[in-house]
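Down below is the structure, laid out as structure tokens.
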Amino acid sequence: MAARSSPRIVTVGETMALLGTPDHCLLRPGTGPTLTIGGAESNVAIAAARVGVASAWIGRLGDDDLGSLIERELLGQGVHVAAARDADAPTGLMLKEHRHGVPTRVRYYRAGSAGSRLSADDLDPDLLGGAEIVHLTGITAALSGSARSALRRAIELGRAGGAAISFDVNYRATLWTPEAAAPVLRDLATAADIVFAGPEEAALLLGGDPDPAAHPYPWARAEEQARRIAALGPRTVVLKLGALGALALADGAVHRHAIVPIEPVDPVGAGDAFVGAFLAELADRRPLHACLAAGARMGALVCAVRGDWEGTLDWAAPDGPPADVRR
Amino acid sequence: MAARSSPRIVTVGETMALLGTPDHCLLRPGTGPTLTIGGAESNVAIAAARVGVASAWIGRLGDDDLGSLIERELLGQGVHVAAARDADAPTGLMLKEHRHGVPTRVRYYRAGSAGSRLSADDLDPDLLGGAEIVHLTGITAALSGSARSALRRAIELGRAGGAAISFDVNYRATLWTPEAAAPVLRDLATAADIVFAGPEEAALLLGGDPDPAAHPYPWARAEEQARRIAALGPRTVVLKLGALGALALADGAVHRHAIVPIEPVDPVGAGDAFVGAFLAELADRRPLHACLAAGARMGALVCAVRGDWEGTLDWAAPDGPPADVRR
Amino acid sequence: MAARSSPRIVTVGETMALLGTPDHCLLRPGTGPTLTIGGAESNVAIAAARVGVASAWIGRLGDDDLGSLIERELLGQGVHVAAARDADAPTGLMLKEHRHGVPTRVRYYRAGSAGSRLSADDLDPDLLGGAEIVHLTGITAALSGSARSALRRAIELGRAGGAAISFDVNYRATLWTPEAAAPVLRDLATAADIVFAGPEEAALLLGGDPDPAAHPYPWARAEEQARRIAALGPRTVVLKLGALGALALADGAVHRHAIVPIEPVDPVGAGDAFVGAFLAELADRRPLHACLAAGARMGALVCAVRGDWEGTLDWAAPDGPPADVRR
Amino acid sequence: MAARSSPRIVTVGETMALLGTPDHCLLRPGTGPTLTIGGAESNVAIAAARVGVASAWIGRLGDDDLGSLIERELLGQGVHVAAARDADAPTGLMLKEHRHGVPTRVRYYRAGSAGSRLSADDLDPDLLGGAEIVHLTGITAALSGSARSALRRAIELGRAGGAAISFDVNYRATLWTPEAAAPVLRDLATAADIVFAGPEEAALLLGGDPDPAAHPYPWARAEEQARRIAALGPRTVVLKLGALGALALADGAVHRHAIVPIEPVDPVGAGDAFVGAFLAELADRRPLHACLAAGARMGALVCAVRGDWEGTLDWAAPDGPPADVRR
Amino acid sequence: MAARSSPRIVTVGETMALLGTPDHCLLRPGTGPTLTIGGAESNVAIAAARVGVASAWIGRLGDDDLGSLIERELLGQGVHVAAARDADAPTGLMLKEHRHGVPTRVRYYRAGSAGSRLSADDLDPDLLGGAEIVHLTGITAALSGSARSALRRAIELGRAGGAAISFDVNYRATLWTPEAAAPVLRDLATAADIVFAGPEEAALLLGGDPDPAAHPYPWARAEEQARRIAALGPRTVVLKLGALGALALADGAVHRHAIVPIEPVDPVGAGDAFVGAFLAELADRRPLHACLAAGARMGALVCAVRGDWEGTLDWAAPDGPPADVRR
Amino acid sequence: MAARSSPRIVTVGETMALLGTPDHCLLRPGTGPTLTIGGAESNVAIAAARVGVASAWIGRLGDDDLGSLIERELLGQGVHVAAARDADAPTGLMLKEHRHGVPTRVRYYRAGSAGSRLSADDLDPDLLGGAEIVHLTGITAALSGSARSALRRAIELGRAGGAAISFDVNYRATLWTPEAAAPVLRDLATAADIVFAGPEEAALLLGGDPDPAAHPYPWARAEEQARRIAALGPRTVVLKLGALGALALADGAVHRHAIVPIEPVDPVGAGDAFVGAFLAELADRRPLHACLAAGARMGALVCAVRGDWEGTLDWAAPDGPPADVRR
């Protein structure tokens, strides 16, 4: 139990209560949706902790029961929590609808939430200064001006302490327009050492797609995108390619990794799980292919269980699915 | 079944999905809070429909599952629904926490909700023009500028069709300050024919309490408050006095009615139920004491069951608790 | 919201409370079967309302909680309800058992139910006289003599108002013998403008199967059956062919439509959903292939969700399964 | 475990599946009522078995899952089961509604049930011939002509084997009128050795109440009623007086017993539990006051738990409530 | 209903309460695992009873609620119960975890349980002396010295009454080492008339595998193992070969039977169900291929439902899956 | 959030998974008992953490899901966890039965549990050496010889680091006899600085009750007992007197405190909550009456909610019940 170790991976962002509707069921009066928690950054922290690397989450919660529930659940997952409690704004909430034949839909109740009011003052300088990796996402940048300030301050505090800055683009169309987002996300990517993005997010960052004639195949397109992002500054760029797998570019070398082929039960959160396990292995100075393999396995575990991060609990199962074997 | 009759009581306001935590239980991951709906104005419409007077609710809902759920539930309770669906904002949500030894707490997720974006354009002129009573509350006035405009337009449309305007002060401290609220609420009360208020709301409306030396007892204080509110314009003023009962002043005459003495299970919504049954009887030109008796009985039924309005379903039970008999 | 529009499709029949056992589970003391409602005619009305055509259901319910529950649920689905309440007989009930490897079994508790005591006096002449389509089924004919009288009266009232008469054979072996049913069903089909039947029901109606040597293939056999039923009088005949699809014969022309290929979760009610959507499109004077396509899509939606009609709620989902795309 | 002992108390009657609604909750679509079983005669058999006297239940069940469930549950309670299975009629069902402020309401789905088709041919002569006590009720007499024949045959078979005949009047107003019931119930009481009745049932049996001037107090009135019933033939008469307790008249001597004063959770079935424990002690030749005490204690246990008989499971708890101590 | 017939198949062993976690769900505070019962020997008894052969279970239970629950459930399944109640030790418990991608794991809480303290004194000589088949397993031999003594005494009592002794090797690695188990299991197999074993259990019994060069295929290997076990004494040997099926050697003749090919939901308990149905048919002097077919069908039914034996309830379903038809 | 502070109160003991039966309900197959965790020492640690004093729990868990669940839940409550994981023994389990009219019964499944195999080697010397208070109980002493050794070693390690040793007698009759327990408990009390006991435990420790003639009243008797225990060595002695309150003797001075008068829902764990809050205040050098008041308030909170410690979550509720006000 490494609970008292100093957190090596520190994340900053909004975590919300998550209400999920039962599968194949109507959301109707009298029924009970299940309650859990979720947030891209805390999902990453949970995955990292499960791999065995001490992690922390910094955020802002309402001074209410849902806030306490988030705090307790993250602590319970072994994540250090440094959360300001806001007496004037409620903890954010999201509703996840499982419907047949259509993608899972997520509806947010985060306008004016405590988490969206995150500010630089909420940051714990010791935690960020003592981190090896500071992980941030583009979601936080979309929440408010004060949240954007908090991102900038987190980068300064991390850098000052010698941490690598990790940034997952995580563009959310429900929070801002591509036009508003692009310059902000590009600045953050430029300031980072490690960048994670999907192909569309990479195109948004780069102001357009590579010439399809020159890069007709997805792996090649991803490699070209990774090179261009690396040209902005980051030393390591990871392209998450969904059903295809992931491609990493580090110090000029390219690494590809297929997904672990499982039957997904709930794919939401798989990307965060990938990032968390990847960063945990990176913090332990494992070779890049091992980082990718850990990310792929953790992503598969999260897909196989309901919930945004609950599948990470199967990481340590000795007889769990290996990274390279079909279920 | 009077479902096709033209609605005689028409309400305008915000209705939200309502998540309730189980009694004596922790809100913890894995548990399921129960889902229902609630809103002061639609609670009134449900209670009126139960008494047998056709009613309608006008509002604005998100174009999402929770919005559909509200629409279906209100229709199912026999309330006509005229709801604009907002593609850009979610249906509001509230969380009701039942804790031991402390009053029930309600937490709102209505900032930026579809309901708070209600505007005069959302009103159905035919419905309002055809009503006998148009019922409004001070909650709507607190939601947004466009919602306040909708209130004003609803009054105009109702008046033009010959409807009486009913107004429940319903001051909500979580939505606005007393300073901001007082002039708005006073204007609305002045424009109304029937006003409902509690003693503190009356004091807010009137800019202060009656001289306690002159009116040392609560019934006397309430009578004095009612007279002063009537002086603003309304022909009928009803003071809701909680455990004491209710006092009505109509055309100068005072009527008092005690509550139905039951053991309350969940008091939230009892005031709305009172108003709904009172207005239904008033629409049927019943004498004032019958209006008060119906209100008291409906309020007791709602207190006796979990949920803001669910107890109204017992109205027609032939062997239900009469208005004047202790359980 | 078309809730106040005058119902264009009016159905008459018995609706029951429906208790469903959980899948792969024993029905054992202490467990809770889920409660919903169902009835062939009200299923049709719900599906039509979902497509956007105002519909109504006429029937007889017990003066009990299950009756109120049916009334509320149908209203909530946007169906106008005109239900007599019977103080002397309970609302009918059915039990739906889901077992592995065997077809779903349905057990009825409708002997002596209020619904089976439906009589011509329970019919609302205005509703039936104002309808564009009056939809009836052979189930009602099997319930009692008074219910059969109600069918005849409904046809008269509909005809008098200019409505088309729709009739779904819906033969139920648990309610009467083929010998008893055949002449009654044939009379009703003869009196109808639109007839829906399965191949076995068509054989029952026609007193035998077409010569298999002459019609060896199912589509050809169905076409022959449709022609023979049309010879009895109806202008439009629709053969529901299960996994094959459906065939419609209208004014001498034949239209075929394949099913929407989905993995069924619960097929009960799919036929009713097909009929409801078909009639709704027909009422809107859509071409026959559009009626068939709407029916096929609605049937698929109902198959994909537990419950006899609950899947109809997905009709309006913009990203739902299209009529011609495999999930 | 006395499971293989020959049943000493044998009952005949209808047992039904029992659906119970949750307390203070609406019966609404999506919720799950709980499922258990109940029947006056099998409740008696369960209570007797719990006291340690081998008992049996004879009846008729549908050849369906609810029938199997009843059979399994009774066997599980240690009651021998001899049930004919009817392929043509379903197992009966009842719905128990718990509402605030009003008595529990029970709604039956037993018209045409398998149990109501009980006939003399369904009786197991060996079981009845080997019994010490044969227990019957007036409910069975109300079900059908064949059920009444079964009662007469059960009396003959019991008498032939030397059994005492026990009869609980159990008048059910939903099954027949007082006029129809009175002569049948009187005949059965006359044929019995032991009769159980409430004051109203006694009045029905006797064709009227004792002169209130002569018997102004309830204990005295009950004693007079017991004496008049004894004059019809039975050697032992027990008047169940609700909150007052019970009075037994045996061989001319009167015994009174107060109830065990508990806070009732669900009083339905308490009378059956009383009878079962009373008969069990009687079969063991315990003195009459011990029979009454056992009955009172078992009745209290059943009142203290949801369900018609489930409270009997606490009989053997060494630290359970004694018969004469307030909780 | 054969409940009162004298048990023809009598089993001895430990039955435990069984807590099962929901599928694809975390075991987390606040959730409710489901409760049922299980035990190899009582599973066999239940399956035999379902086929229609009266059976009994002898064991030792705690004098607690879980013990009573086991007793009630077995009685409810039609199994005669002869259980000593131990005031000093609790009823055993097991926890069954369903996880994705890994085999179901079972965790026992039986150290020091009442069941493990079974002794020869707990045996009912009449039951064992009157049996046609006495069924024992190697699990009981692993529980304690007194339990082993009980096995020996059960064999003596059964033999004395002319019963055939049936023995299922049922080696449990969590209870003892192969070294400790082998001689004990061999002795028990030698003393038996009928032996059931899997291939690995057979190898354990026989002190090694047959020469793979001489027996390269599984059916041939199983036949060789069966012959060698038969050489120890038993007249009938059945090898359970999992997905392959089963092979029986009786009086020198070999019979093979494929499994019923179904999609398994929960395979635990399928072997016991096989044995129970096999023995029931054997007791009825059915030919060996019929015994194997019944075993295969019952095993398939148990696989198709959650729970160790619950699927046996589908045995009598007239439209259930036949033994030779794919679902 | 003090999660990273060094634990000031460190406890050692066994924590178990806790299955609770629903109130007024039968424990029957098919129902789901709820799952949570409990253990006297970790209950104390949770209560201390809630008051704001960093705490830790040291113990031994199975390497299984229940062990992980305990670890996650304690972390989630803000308790530092240092748990050895035992691959050869399962995590302990207890079953809590709520029955009417009788005290809650607890049944343990801890024979051979991982927790009972706690040994001195499992102790974290840094944690114990850095503590201000080391809290131990008599339960651990009853588990095994190695657990007793662990207690002795924990005292040594605590003393060496300057910690005060706290000891709660916690005699458990189901684990050992008074004769076996008395000398062990007396030795532990003698070695402690702070001792908690009930009146019966004090009598066990002291080898008998004070002369009732000399100390006829309970407060006086408790004071005498406290003085005698203090004579063994401890500087502070706290007598927990149930419904009466608690008495503390410190440095010769006596302090009495009444309970907070609430209606208890589930009293189990109230004593642990008292101890945890008392010790937390003591660690903060608050005066003794403040320690007693905090203990009384925390005990009341735990009584008011289902579960052994869940009520501690209400400690920080600003509008929760104060220590001196009746609900």
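For reference, chains read A, B, C, D, E and F in written order, and residue numbers begin at 1 within each chain.
We adopt the following convention: a contact is a pair of C-beta atoms (placed from the backbone, for glycine too) under 8 Å apart; a residue touches a chain by one contact, two chains touch by 3 or more.
None of the values given here were measured: they were computed from a predicted structure.
The two sequence copies chain C and chain D touch through a face in which the numbers common to both exceed half of the numbers used overall.
Contact count check for D-E and A-B (C-beta pairs in contact): higher for A-B.
Of all chains, the one whose CA centroid is most distant from that of chain B is E.
The interface formed by A-F recurs in D-E: of the pairs listed in A-B, C-D or D-E, only this one shares over half of its residue-numbered contact pairs with it.
For the pair chain E and chain F, the distance between mean C-alpha positions equals 43 Å. Centre-to-centre separation of chain B and chain C, using mean CA positions: 40 Å.
Centre to centre, using the average C-alpha position, chain B and chain E are separated by 64 Å.
Residues of chain B in contact with at least two other chains: 26, 28-31, 72-73, 313.
Of all residues in chain B, those touching chain C in their complex are 1, 3-4, 68, 71-73, 75-78, 80-83, 313.
Residues 19, 21, 27-37, 62, 64-66, 69, 72-73, 90, 93, 95, 97, 107-109, 111-112 of chain A are the ones that touch chain B when the two sit in their complex.
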